[in-house]
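A, B, C and D are the chain letters, set down in written order, and residue numbers restart from 1 in every chain.
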Amino acid sequence: MLQQTAPATAPSCAPSSAPAARDWNTQARNREARLARAAPLARGKVVKSADAAALLEAILETGDRVCLEGNNQKQADFLAKVLAGLDPARVNGLHMVQSVLALPEHLDVFESGVASRLDFSFSGPQGARLARLVSGGQIAIGAIHTYLELFSRYFVDLTPRVSLVCAQAADRNGNLYTGPNTEDTPVIVEATAFKRGIVIAQVNELVDTLPRVDIPADWVDFVMASPKPHYIEPLFTRDPAQISDIQVLMAMMAIKGIYAPYEVNRLNHGIGFDTAAIELILPTYAESLGLKGKICRHWALNPHPALIPAIEAGFVQSVHSFGSELGMEAYIRARPDVFFTGPDGSMRSNRAMCQAAGHYACDLFIGSTLQIDLAGNSSTATLGRIAGFGGAPNMGADARGRRHASPTWLKAGREARAGRNLVPRGQKLVVQMVETYREHMQPAFVETLDAFALAESAGMDLPPVMIYGEDVTHILTEEGIANLLLCRTDEEREQAIRGVAGYTPVGLGRDKRAVENLRDRGIILRPEDLGIDKRSATRDLLAARSIKDLVRASGGLYDPPKRFRNW
Amino acid sequence: MERLTFTYAGGRPATRNAKATLAGVVGSGNLEVLVEPVAQDGAVTIEVTTAAVGFGRIWQAVMDDFFARHGLGDLRISINDVGATPAVVSLRLDQAIETYLGGGQ
Amino acid sequence: MTSYYEASARERVAGLLDAGSFIEILPPQERVMSPHLLQLDTPAAFDDGIVVGEGRLGGRPILVAAQEGGFMGGAVGEVHGAKLTGLLERALDTRPAGVILLVESGGVRLHEANAGLIAVSEIMRAVLALRGAGVPVILLDGGQFGCFGGMGIVARLCDAVIMSEEGRLGLSGPEVIETTCGVEEFDSRDRALVWRTVGGKHRYLLGEAAEIVADDMAAFRAAAIAALEHARPDLSLAALEAEHAGLGARITRFGACRDALDIWRDLGFEAPDRLPLLEADAFRALAAGRRA
Amino acid sequence: MDTQTLDAETLFDRLFPEGHAITRDGLFFSGTGTSAGRSVAVIGSVDAAPIGVELAFRMAGEVLAVVRDHPGRPILLLVDTQGQRLSHRDELLGINGYMAHLAKCLALARNTGHPILGLVWSQAVSGGFLASSLFADRCFALKEAEVRVMNLPAMSRITKIPLERLEDLSKTSPVFAPGVENYWRMGAIEALWSGNLARELAAAFSTHETADRRRARGAERGGRRLALDVAERVRHGAP
């Protein structure tokens, strides 16, 4: 126990000008005071779920910075519910610092008055409600971050005072097993525990012996078994049945027009159907081009079920993941050479590490977006929704601090710098892959991003641009690939973008002669320029055309969530 | 719903196979394209019925390119559309023409 | 392997019949379309979502109809239904070796609900009249929209139903039941539940589907040829009394079951939860001697 | 919409003033009535019965019994139904097969010389109607009865067509809106009855008509203009 002493007072004989001895231990003593208040509720570190509200009231103080673990997939949903149900007369003014706002409770705390300030990364499903609460003055947003930025600030000026996390299981000492969906837990707990904060974990079960220890008990103050297992969203499962022939065509263009010439081996994919199509034609189309062993060997990627055929075909050597994916547990366990797994055999993911890997260790990011403007800036922001960023801006940005070379990185750098008097360096490939029109005839290319209007209406410092045009190296549509690395002027860049923008107003506004000129120079590549016969672009190329095919490809190891089945 | 018609003159008559051909399905985001031989001095007539109103300019551009691509004549092309994207429209048109020239359904 | 599930109605006809043998009746260029859809500002199809005609299967003359699930879920409207009824009646005149119905339908088309309901009734009458005249009717069910509503009844009027596991056969769709009675009654988003309730395997185990095949055009074709070979339409009192006894026994034996898994366990499967994972051949082998 | 304007007992009395012996069991009833001196088998349901597997099975059993034990006896279907029973259990047991079985039994009766009439006296809705009264040789309806697939508000929700549009069009088109008059115009209801039901019934049973004439009626009455022509073209046209 900490020595309980009264605040130091200056001895009466000391000169009045001498500085008072500073107390260097206020955080630790504050922590002890909180623990003392909570002590009656705990047996060791174990608290009953029925006492969860009492525990939070004992621990929390007005204005605390609180991290409520809301991940991309795993949610501390029980603690979220308890927090949202607290009496704002007793707990209020909390400053929430969490990566994802996924559950209604994540915003209920603001509506009830328990919390008032917010720093976050992504709010996908709650984006519209968040916008309403912000405009109604119930939430003051500090900043909208990328994952890496928010995690970084946990160690600088946004360190949580109290963290409410979730794990698969705990033992009686408070050791945690986070299981395959480790996600944000390590970074949250590390920042909190080593700054004398308090860590409370909800777990699906209390056990005598854990399969492995992901978070040591020393860093955890309280554990409780939640009434129901925490919710996990199968966010990365794409049913191959929904992939269109046009997406297959675009996937062929990505492989033949980008992956092959740049020898892309370290990469990250977005979560859309476009990139799932690439994963699914590796064993067929890429194999037929003789690219096995030459591309796509190392991935920073969640365990996409769509990657199974490529893994089985021997394309993939390693996959490190931000989080796991429901149904992939047994498959991952059976492929330890490929995935990061613990001594118990189950996966260990880590969002912060994988984000860093995606930013610094990958040579290519490819993903989709909702809007691209004439400068190549892209955004998923739409009016009336504050959706945030997640990880895409870090993955989809040239890592300017990078120093190690690779053939991919060097080739991109050469293309960007050819003919200019610049010091040699490489560049990351950042590819935006979009159909020119989304469903309901929404054009993917626009003169001005909705993000600008949103920034104005929501009073943001900057428009929420997901990927800056200056970082984008290629834009790939069903009409062609625009290689922006080779553009030398803003005018060329604009025409290169217009030249693959199809029949959107932006595309129709092209200067046809300029576009033909760019095509002659290889800045714009049409499918026929790549030697791709559009007629061969059919779903027949997909190594799996249904979820069931993925189960077959996995040898029965993949166990898809029931909503994806048709058997 | 909106009805649009387009006419192109000076195409190369393509009546080797005088058998009508259908491609596609009238489903959401999709369309059906019916190609029929008609002797009309090399002209192509295209009639579009579409559920998506207000995209006449885009249809025009898609059809201009289609005609430029194939340069065929003496055809009647009829389309029932449920909001297909221009990429899908072009794909179906090409599939229909290919089947038409290739010898029937 | 060509997927039957993914194919369009026209692709199914082309893939199923003897190559080049199909001749369509009232083809799209005749533009026999639904005036009712246009009246409601809804896109119509040149063939009203059904392909009908003559062809050969395994060398034998047949008539065939194929519903296009991609167009309004294969729902039956006035023209659509009349094409099917007319085809069945044509078989009364021409006496082919059989009529093959490639069904994919959610039932009656709401935009012309009354016409559709009556049309289904006419199809039902025509199927039984044809079978009464000794011409077998074989129905294939393996499309994305399944076979529901009135077409679900029509299916069970035929000599044989051939299904893939992906096929679904029922009366009220799970979504309709969920909307009307609540998610507790039938969670339509629990696709595993949906398929083990109305999917091909359960229908085969109950004896509602005569055959179960892989989702493969060639497998459907082979099964259709075999079914044609073996079909002996029988609507006699003795046959219907036997059917009656079977349906009565089903209520007695399974009426208290809450889930298909209970029924499968009762049928003698030791690990019923493993059945959905089996491929068609392995499943058929395991099911031998255990079907209700 | 509550359209049940008379109870079953009153209906039986009006149809069979010469006498009837009809037994009710829950929502189901069966028995005989005397019409123009002839015994008529009566099978039906009350209280807008949802037709599930048991009820369809029961009706089919009754039809088989008439065929077996009373060759040639006319059959009158008096089914009051809100449609098929909507339940997971009914689907699990294959309710469509039970409905089909009922239809097959009625076809057997038809083929073995039993005249079959249906009378919609209260309501008749989609699946429950298909396998019963609509499958008779001819179907009649009381003027105040209701026939439908779906009411217009629900139809509007599902098709996303504005309700006003549907209501407007239903004033001239019989093709989708509920109503016995619409079904008469489309040829599915042979005639609408009111007044002396016994006389109507006797007259109906005095002719025996087994061919499906509904398309022709629909064309004559102008409610269903295409079905007859299209079916004839498919039946007789050159491929």
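As a working rule, a residue touches a chain if its C-beta (ideal position, glycine included) is under 8 Å from a C-beta of that chain, and two chains touch if they have at least 3 such contacts.
As the structure is a computational prediction, the values presented were derived from the model and not from experiment.
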{"item": "Chain pair showing more contacts of the two, C-D and A-B", "value": "C-D"}
{"item": "Chain whose mean Cα position lies farthest from chain A", "value": "D"}
{"item": "Chain closest to the middle [Cα centroid of all protein chains]", "value": "C"}
{"item": "Centre-to-centre distance between chain D and chain A (centres being mean Cα positions), rounded to whole Å", "value": "60"}
{"item": "Between chain B and chain D, centroid-to-centroid distance (C-alpha), Å", "value": "46"}
{"item": "Where chain C and chain D are represented by their mean Cα positions, the distance between them in whole Å", "value": "24"}
{"item": "Distance from the mean Cα position of chain B to that of chain A, given in whole angstrom", "value": "43"}
{"item": "Sites on chain C at which at least two other chains make contact", "value": "41-42"}
{"item": "Pairwise chain contacts, counting only pairs that touch as defined", "value": "A-B, A-C, B-C, C-D"}
{"item": "Parts of chain B lying in touch with chain A, wherever the complex brings them together", "value": "29, 52, 55, 57-58, 61-62, 83, 85-88, 91, 94, 98"}
{"item": "Of chain A, residues touching chain C in the complex", "value": "241, 539, 545-546, 551, 556, 562-567"}
{"item": "Chain B-touching residues of chain C, taken from the complex the two chains share", "value": "8, 10, 14, 27-29, 38, 41-47, 49, 68, 70-71"}
{"item": "Chain B contact footprint on chain A (complex, rising order)", "value": "244-246, 435-441, 478-479, 502-503, 508, 534-535"}
{"item": "Interface residues, chain B side, partner chain C - complex", "value": "1, 20, 22, 25-27, 30, 32, 34, 36, 49-51, 78, 80-82, 105"}
